[in-house]
Structures are given as C-alpha cells and as structure tokens.
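Down below are the structures I want you to see.
The following pair of complexes shares a single chain, chain A, combined with chain B in the former and chain C in the latter.
Coming up: the complex of A and B.
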C-alpha cells in the first residue's frame, strides 16, 4: 500500500474512532451531550447523501444493460422508466406523482405484503432442506405454539394452549435469554475490535 | 441517570478483558478456535459455483451501517464479503452483491475489487457486480428474488443484519437450487437459517467468524476475551439468581447505580 493510501486509511479509521470515543465520553461524564447527540445523527445525514450515489449507480447499471441488450433487458428498461417517470413527476407535475404513489406504489406494497404472508406460510415446505431430528423438533414446537396462539387450538384440544405456552415461556424463553447474552457480548467484541482498528471492513478493501 | 455507573464499569471490564486477551495472544498465547462450519463451508460453496460455471450471490441484509444497533452485524457481514470475494478471485468465479443502501456500493466495490486482487485475478472485477435495489425492503426483497430466479447462482450467501427479506431470498434460492449459507444475530430468523440453509452461523458465531477470518493472533485473542466475558456474565447471572432467591435485592441496587 502506498504512503498516501496508508495516510488516507489512518484518517478513515480515526474518523470512525474519535466520534465513538467522544460519544462514550459525553455519555459517562455528561460533558458535551448536546454535541454527542448531533454526532449520533450524522450517519443518517451521510446515508441520505449516499442515496445520490445509489441513484447514479442504478441509472448507469440499468441503462448499460438496456443499451447492450443483455439478457432480460426489458426488465431493466421497466425499472429505469419507472424510476425516471416517478422522479421526474415529483418535480414536474405533483398530481401525477401523488397518483403514482397512491395507485401504483402503495398497491404494489400491499400486494407484496400479501404475497409475503402466503410465502411465509409455505416457506418450510419449499425452503427446508435439512432432514435432521432438530428440524423435526422445530416443526413440532411450531405447531404447538401456533395452536396455542390461534383460537382453534383450544377447540381441538385443551392440551395445545398449555403445552404451547409452556414451550414458549420455559425452554424457548430461557434459550432466548442465553442467546441474547452471547449476542450482546459478541457485539461488544465487534465494537472493541472496531475501536482498536482491527475491524475495518466498513472502510473498504484494505480491511 | 440510573445505571450509568454500572454500565460504565461493565464496559471498562469488557474493554479490559478483551485488551488483556489480545496482549496475551500477541505475547504468544494464541487460543485455539473451534471450526465454524459455515466459515469452513465457504470455499465449498465458491468451489461449487466454479464447477457449475455459475456465480455467487452475497447480501448483507436490510440493516445498514447508519443504524447503531445494526452496524456491528453489517460490519461483520462486510468482513465476510471481503473474504468471499478473495475466494471468488482465487476460483475465478463472478460474485454479485445486492445492497439496499447507496453507501454500500462504494464499500462493496472496494471490498470486491481488493478481494479479486488478493485472489490473483483483478481483471475479473466489474463495477456492475454490485446491484443496488433502492432504499426500502419493499424493493429489496423482490429485487433479490428476481435476481436469484434469473441468475440462478450456485451459491447464495446472507451474512449480516438480515431481516424478512432473508426468507424470500432463501425461498428463491431453494427453488433455484442454490447452496445457501447465512448468519445473523436476529433471534427470530435463527430457525429459518438452521432449517433451510446448508450452512448457518448461529448467533454470535457471525462475530466470531468475522474475527477469525484472517487468523491473526490479536483477533483470536479478542475471541478468547469475549468468551471470558460470557463466563463472567454467566457467573453474575447465577449470583443474581441466588441473591434474588434468598430475598436480597443487592444486585438490583448495584445495577441501578
């Protein structure tokens, strides 16, 4: 790595570490809390600006694929035209933009949520590929818990609500708490590694 | 603020334990890390893509670096992306990364470009290996499903802050016949990953995998530190349970300091 690249990398790591340390300092000393709150909001602002990068990439990628007549290029054309129409109308003619949002985007969102609901119901059928005893236990527990939550379970048998609730509260609840402790410690490790400069994947390739 | 002193003490203990473990590893006491099946399986997945003349699909999920509670997972996912890109460079396999945030484009481009460089085939890298779907899960999930059904990647990998789009992706991957590997700390998705993926990282294995990718003693030392913190946490939990059972609220009072 060249000297300028190293300097740039060091600056990037410092730009990550220093605000983090300042936020911790403000939290535990009470000094500069207003500024720390502002610093916490910076990533959202930066991410918003990065949308421009996304838009440029989106237009460039799809238009290149359309121009080259790559496989499935009509899909790219639809994506590109949809974007340009919505984006253009937001500035040129607001009623059309509102119409698109209400009658196209929202409708598609509702349809997609409906699709996801059905998809989730059938998910285990087409997704499960392991045929292990553990997955069998998972399926049985799922059935009991679902029949505990659904009113029909009690109608079928009074055992379903009792067993379902026990499975949910005792084995599952305990396992979840243990799981959360491990995960929290893992997150702390990840932050410590980031603060110490070992984790730099967020800054790109030289991580 | 109640609990701040306790929180600070816990944080300092964590930093101290991890710091001491890293120092010990640097001094030569490198801990042995058990094999993480999903991490060991990554070359197998990339190798399958090479044999089939297909590609690898990678996603880090809908959680981004701009949300504090998601950033740790997203970072771990990006670390694994860099590693997978290197494997792809080695095996001459195209990798496609699908992202939901604009800033991920630049990060992923850099990671994949460097990965191919390290793998020995920088000429295989193309900017359009990164596919941006828009800033919402409503666009992300269908884009992922469409991409997988069109390209039919031999390997489908999902590591990071993955949410409900994971189920759509795994379902599409199953239909497309992809080998799948995934890892997240989101507890609601563990059952799906375990039952539907060929390789799954359960809970904090994601962080352990990210830390042990390069096998550097310092990082492995950090892992030992994390294990020690877990032991301390379990000990404190047992103590708290014992005290509470004996009718004492001492631990509760300390935690509110």
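Coming up: the complex of A and C.
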C-alpha cells in the first residue's frame, strides 16, 4: 500500500474512532456533554447528503437503463416518471402530492402489508404438514396468542387471554431479553473490532 | 358484518392513559411518529386518538406538544395530515396557536442519532420546523432544547429497542404505541421500568379509544380481527384434525385386516 493510501486509511480510522470514544467518554464522565451533543448532530447532516446521493443514483441508474433500452426498460421508465412526478409535485403543487401519497403510495403499501397476513397463514399451514412435536407446540401457541389478541377469545373462554398473556410475558419476554443481550454484546464487539482494525468494510477495505 | 363483541380494557392501555394524564400542567411532550403508511392501518387510529387526547390536554392544562419523525419521511406526512384533517377540523386547536402550543419539527433523518439529538440538543439537529421557520423564531421552542425541558417522551412505530437505547436513563417517562408484531420486544424494557407504558397493536389502540372516548377505526376493526383470527385457527386446525382422523381410521382398518 502506498504512503498516501496508508495515511488516508489512518485518517479514516481516526475519524471513525475519535468521535465514538468522545461520546462514550462524555456519557460516562459528564465532561464535554455539550460538545458530544453537537457531535451527535453531524450524522443527521451526513444522512441528508446520503439521501441526495440516493436520489441521484436512483435517477442515473434508471435513466441509463431507459436510454440503453435494456430488458424491462418500460418499468424503469415508469419508476423514473413516478418518482419525478411525486418529487416535483411536492414542491410545485401540494394537493397533487397529497393525492399521490394518500391514494397511490398508502394504498399500495397497505395492499402489500395485507398480503403478509395471508402469507403467514399459508406459511403456518404448510408448516403443519410436518408432523413434529415442535410444530404441535407452535400450533397450540399460535391459537392461544391469536385468541388473546382478538376480543372473541375472551368470549369463547377466559383461559385464552390468561394463557396468551403468560406466553407473551414469560417465554417470549425471556427470549427477547436473551436476544437483546446478544445484540448489545454483538454491537460492542463490532465496535471493538472496528477500532482495532479487524473490520475494514466500512472504510472501503476488504471485510 | 358488525358483531358488537365487548372489548375488555387491559391494564396496559389504562397505564398508557394514566401516564399521559399525569403530565404536569404546562409540561412539554415530545412525540416521534415513526410509522409508515402501511403501519398506519394498524396504529393510525390510536395515533389519532392520542393526538386528540394531547391537544385536549393542551387546551385544558396548557401542555406543549413537539412532533417529529426520525426514521422515514412517512411519519411526518401522517402527522401533518392528522393535524390538518382530524385535529383542526375537530376543534381540538381552539384557543391554541401553532408555535406557542404545538410545533411540528418534520423529518429529522438519522433515526437513533436524531432520537439522541432530540433529548440532548434539539438545535443541533433541527434548525427549522416542518414549515421552514427557523427554530429560534418559534416562541415555544425558546424554552425547549433538551430532555430536562420535557415531561414525557413518546413514539409510535414498529421498533422499541432504538428508542430505549437513546431515551432511557434520562429520568423521564417514555411511552410507546407499538405494532403487535414487535410487542414482545417491549417486555424486557417494561419489566425493568424503563418503558413506562405501551399500547399493544390495534387491540391496544381500540382499548385506548374506549378509555378516551375518541372511537375510530381500531374499534371498528376489532370484529374483523376476531373473524380473521378464527379463520386462521380453522386453517390450522381443520387439516390437522382431518389428518389425525385418517391416521386413526387407517390404523383401525389395518388392525381389522390383520385379524
């Protein structure tokens, strides 16, 4: 690696490590909290530039595919025109922008999410074709939880809300606690690895 | 077809309501709406009831409301639309003035970073409000800059861990309007007292509507939810029962052949 590349890599790593260490230092000692709060604001500005970059990349990618008449280019054209129309209306004429969000974007998202409910049911149905004890437990738990959430469960039997609540509180809550601990430990390890130089994918090096 | 099934209000929803009612007079509330358009079907009605509750408390007890979005831009559009189409026409802003009683900060991209910024130094991340007014020109924001100026933190959406990481340990109550799919993630937080209260999906929203009296779509959807869940259970049970019957009758006929 050339000297300039090494210097660049070192500066990148320092730019990653120093703000993080400073924020941790300020949190646990109380010293420099005002500056730490300002440092926390920098990523918000960077996120804005990331959005601009995303928009430019989106327009450039789809425009290139349309100009070159690649396979399925009409869909790229629809995506591009939809984006430009929505983007333009947000600044030019808000009522049309509101109409697009309410009657097109929201409706399509709701339809997509509505599909997930039936997908889960068919997923369970296919899952129950395997006759194992674990699937039996899954089925019983699913029934209790579904009848806990819906008002009809209390009417069928008062046992459903009691068991459903217990399933949510004890087994599920315990599993979530373990999951949270694993995530927290993983995040600490990931940061330590990045500081020590073992993780380089974020700086453009090999992972 | 309406069934009119009775809805029992659980302690979860009652705690949520009581936490909001316990805000001191003149207190400031930070509400982060991180819902998407798709989540609005589940939680939107509860959010509308919440806004009506908060604005009515602003009218009666001078609460100050700060609305923001940190995760995706959908939330800020939904907040603005709710205020324009439900709150203002419903008379919940009578006697109130934008900038003095409520402010919409809009979308502050960065999620956890923005969440942290909202409770440490609002001015570091929000230079203007949703309508482009510089924040220093908004009368209400002169006295609100960090968590010490707030009385309640709240959010709505799919997630809970991100808000817990940035908002706990600050000495302020935190409430969550949470989707039923991720409500299990709230258990560790609420058991430790870090999360003060939460609403459990559309069922929780319907209970909250019943408590506040601002009934809406969530209440109407409870009958549909009951029927959909019964359908789901039938889809699970009927094939399994038929299989068991086949298994038992198959064994009986095999035993009969052997004899």
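Keep this in mind: the second predicted complex is superposed on the first by the 147 of 207 C-alpha atoms of A that agree within 3 Å, B and C clash if a C-alpha of one lies under 4 Å from a C-alpha of the other, contacts with A are read in each partner's own complex, and residues count from 1 in each chain.
Here, contacts are C-beta pairs under 8 Å (C-beta built on N, C-alpha and C of every residue); 3 or more make two chains touch, one makes a residue touch a chain.
Everything quoted here is computed from the prediction, not taken from an experiment.
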item	value
First (chain B), second (chain C), both or neither touched by A:3	neither
Touched partner set for A:149, first chain B, second chain C, both or neither	second
Partner chain(s) touched by A:189 [first = chain B, second = chain C, both, neither]	first
Partner chain(s) touched by A:61 [first = chain B, second = chain C, both, neither]	first
Contacts of A:33 with chain B and chain C, given as first, second, both or neither	second
Of chain C and chain B, partner touching more chain A residues	B
Touching partner for A:117 - first (chain B), second (chain C), both, neither	second
Contacts of A:51 with chain B and chain C, given as first, second, both or neither	both
Partner chain in contact with A:75 - chain B first, chain C second, else both or neither	first
Touching partner for A:43 - first (chain B), second (chain C), both, neither	both
Chain B and chain C footprints on chain A, overlapping residues	40, 43-44, 47, 50-51, 109, 112, 124, 128-129, 142, 176, 180, 183
Chain B to chain A touching residues, read off their complex	4, 8, 11, 14-15, 18-19, 22, 64-68, 71-72, 74-76, 78-79, 81-82, 101-103, 105-107, 110-115, 117, 128, 130-132, 134-135, 138, 141-142, 146, 150, 164, 167-168, 170-171, 174-175, 185, 187, 190-192, 194-198, 203-204, 206-208, 210-211, 216, 218-219, 222-223, 225-226, 229-230, 233-234, 237
Contacting residues of chain C [partner chain A, same complex]	3, 5-8, 36-41, 77, 81, 108-110, 113-114, 116-117, 120-121, 124-125, 146, 161, 180, 183-185, 187-188, 191, 200-201, 203, 222-223, 225-233, 235-237, 239-240, 243
Parts of chain A lying in touch with chain B, wherever the complex brings them together	24, 27-28, 40, 43-44, 46-47, 50-55, 57-58, 61, 64-65, 71-72, 75, 108-109, 112, 116, 119-120, 123-124, 126-130, 134-135, 138, 142, 176, 179-183, 185-194, 196, 198-199, 201-207
Residues on chain A engaged by chain C in the complex (per definition of touch)	33-34, 36-38, 40-41, 43-44, 47-48, 50-51, 98, 101-102, 105-106, 109-110, 112-113, 117, 121, 124-125, 128-129, 131, 139, 142-143, 146-147, 149-155, 161, 168-169, 172-173, 175-177, 180, 183
